[in-house]
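First comes the structure, then the notes that go with it.
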Amino acid sequence: MMHLECSNITYSYPGTDHKVLDALTCTLSRPGFHSIFGPSGVGKSSFARLLADLNRHTFLGKIEFTEIQTVLYSYNLERLPGWSSAGAHLDKVVAKEKEALKQELINIFELSPLLGSRFHQLSMGQQNRINLIRYLLQTFDLLILDESLANVDEKLRQAIILTIKRIFPQKMFLYISHNLMEVSTFCDEILVFGGGSTGKSYGTIQGQNCCSSEAVDRKKVDETMLEIMNAF
Amino acid sequence: MRKNKVICGLVLLAILQLAWGSRADARELTYRLKWLFNASVAGDIYAEDKGYFTKAGLQVKIKEGGPGKDAIKEIELGQTDFGVASADQVIRALEKGAEVVVLFQIFQINPLQWIYRDTLPQITALSQLKGKSIGITFGGNDETIMNTLLAKGGIPKKDVKIYSVRFDFTPFLTKKVQIWPVYRNSQGVILKNRLQAEGENVRFLNPADFGVNFVANSVITSKKMIETDPDIVDKFQTALLAAWRDAMAPANQESTLASIAARDKDNNAAITKLQLLATRELTGTQNFGSIDKDAWIQTEQIMLQEQQIKRPVNIQDWLHK
Amino acid sequence: MLFRRIYQFLLVYFAGISGLLLVKLLVGLSDYVIPGIPLIFATAGETAKGYFFDVLNTLQVTVLGQVISIILAFTVGIAGRKSSWIGSFIKMIAYNIQAYPIVALAPIIFILLGDGFIPRLLIASMICYFPLLLSVLGVMSSPVKDIEHFYIITGKMRWQLEVKIRAFENLSKLATVISGSATLAMAGAIVAEFIAADAGIGYSIRIALYQSDLAKILVALFMIGIVISIYQGLLESASERIQKAWAISSGN
């Protein structure tokens, strides 16, 4: 069973004494759409980058991947090269056998009319959608989405998340977002990173993991949200 | 705005400096040489070193010459009072309206000559230049002189191999060029010495031997200076001529060499001595400092023929009596 | 761009000439020190055509020298972009050599190679090569993380792609450096001709200097200015077109 386990991870950027991660222990025990939630500056993105490229970082502790061979990390503000259109770029970086999936995602992500445009001509939300699509069409086991849906309107964001959950049930996703409602509603396991005056704190909360918008139980979502807020 | 005013002020000051320059105090005279301090300016160094100017009641500062230094321009700009210029410079300047007067002629024989190995037969007739490879500096005096020699010898340019001369002697040393232009009392001495060390002997081709008298360096000043300060000009000329005469006197040789050595940064005692001997031959002994009027007239004619100038300047009118 | 270059040069040139004439007038200098307008025009009539071809001759060396240095600078810059020991070694060598005044080597080049086309080309190339190299090294060794990340993490990055991304993202900077290097190459070619050569406008200026002929020098400077303005203007227009074609003219 796909599994990620971190024990006592302590990490500082080279040349600094500040601990970005301090004795972080957490587990993601199955495939699904998981999340890291917490205020800015608590080390969410640093942890994500660490997972994506273990060999480039020096840290204390242990990270164990089970049935996870390929980890990809995508983030908000990534850009596509400007010398060709978004569509031409997708054609170039997506394998032929994924053509059908590509078309499906393009339609759901509402990108068809934008494929002829250069990346810089798109809005920030459109740019993030194009960027996310190309990652989804690569080979991966764990894909980290670091605010990858920033600036996308709420309705479309929800549709995208539900699509990802539907199409990739066997993959693991780690969604970094500041949208408490969204995380509580659609995510499975939620790693909550706290960074109060007493030091770093980490915990895992079970989200509602809804797979359709109709299945949302508002009361339970509120409870989850409250639980997350109390975890800081 | 304030910055602009400052710049305008500085420009105005610079113009005023150009306009009046050192004329403010005529007693503090400056004398710009044509070349660096070495044996070829022995008399000038000697004059300052032995106090000839001071004895004449003058305070003169000698400034070293070099490539890019033009005494005529400096005289006109009021930056110097006296200077050394070549005859072609003087004639060109006169053609363009400058008012400079030749005080006396340092070299009676033009130091600009051509060196060649004695493996070539001695050149006694210009016709012997036919077929030879000859170095000339395009735009330089040597081009004008060589063109005149070739024309005089009736040799079309296609019958000689002209080689463009640069700053180094390599083409001559490697025998790529047979006849190479040199200043007889500076590079000529060095090259002769160097080749002799390798068992080779050299000869010099002196254009004057073939009737081409192209005047070399002379001491000049402005017409205005002669008109406004004739006494100073007289004193300067007398002092400098005396210094040159004494510097060239064999009896003062050691003293002259010591004065040169004190100024010449690249002094090589043996070479400097040879250069001094060569300079002595060129300055002449009987007619020391005299102006060879015929040679000046011939120089002007040559320049007219070679289209170095477009109209006559009547050079004889600008030679100091 | 082209016309702006030309009229900017003309403005500067005529301002300079006016300044000289003003000094001539105020101080009452002869034509030997500062030539008057009639003499400048007469000299231009005699020499302009010849000087124009001399400048074209120099321009040939300039263009070829610039092309060689661009190729070399990109080759070495690309090789030296990595933070490996070879990259650091190349950077160290480049930074040290560029600090040396290349013109000072010119006499050695002429002694070894004589005068002619090759030494001029070599000096022109060398003078514009090092500033180009430093810019190329700077561009090529600065990752464009927000574009490169995807290729690196998905294992799709190739050196050609890395170079393309970095060059594309810094296109206007590279274009400015390349068009600016035209002036350096021209200066190198002229210096080479001035020191030792048998052709080109630098050689003609040297002859004019022998003859203390400022009028000829002013005509030569005019020709140099016009030709280099046109050349630089063309380079800038070309680089603008390339940038437009790659659609980075706005929003990036």
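Each chain carries a letter (A, B and C) given by its place in the written order, and its residues are counted from 1.
The working rule: contacts are C-beta pairs under 8 Å (C-beta built on N, C-alpha and C of every residue); 3 or more make two chains touch, one makes a residue touch a chain.
Predicted model, so just to flag it, every value in this text is computed and none were measured.
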item: Most centrally placed chain - per-chain CA mean versus overall CA mean; value: C
item: Furthest chain, CA centroid comparison against chain C; value: A
item: Centroid spacing, where centroids are CA-atom means, of chain A and chain C in whole angstrom; value: 50
item: Whole-Å separation of chain centres (CA-atom averages), chain A against chain B; value: 85
item: Averaged-CA centre spacing for the pair chain C and chain B, given as whole angstrom; value: 37
item: Interfacial residue positions of chain B with respect to chain C in the complex; value: 15, 18-19, 68, 70, 72-73, 76-77, 88-89, 92-93, 95-99, 137-140, 164, 166-168, 170-171, 308
item: For the chain C and chain A complex, residues of the former touching the latter; value: 144, 146-147, 149-150, 153-154, 156, 164-165, 168-169, 246-248, 250-252
item: Of chain A, residues touching chain C in the complex; value: 52-53, 72-75, 77-83, 93, 118, 120-121, 131, 134-135, 138
item: Chain C to chain B touching residues, read off their complex; value: 23, 26-27, 29-33, 35, 39, 107, 110-111, 114-115, 195-196, 198, 203, 206-213
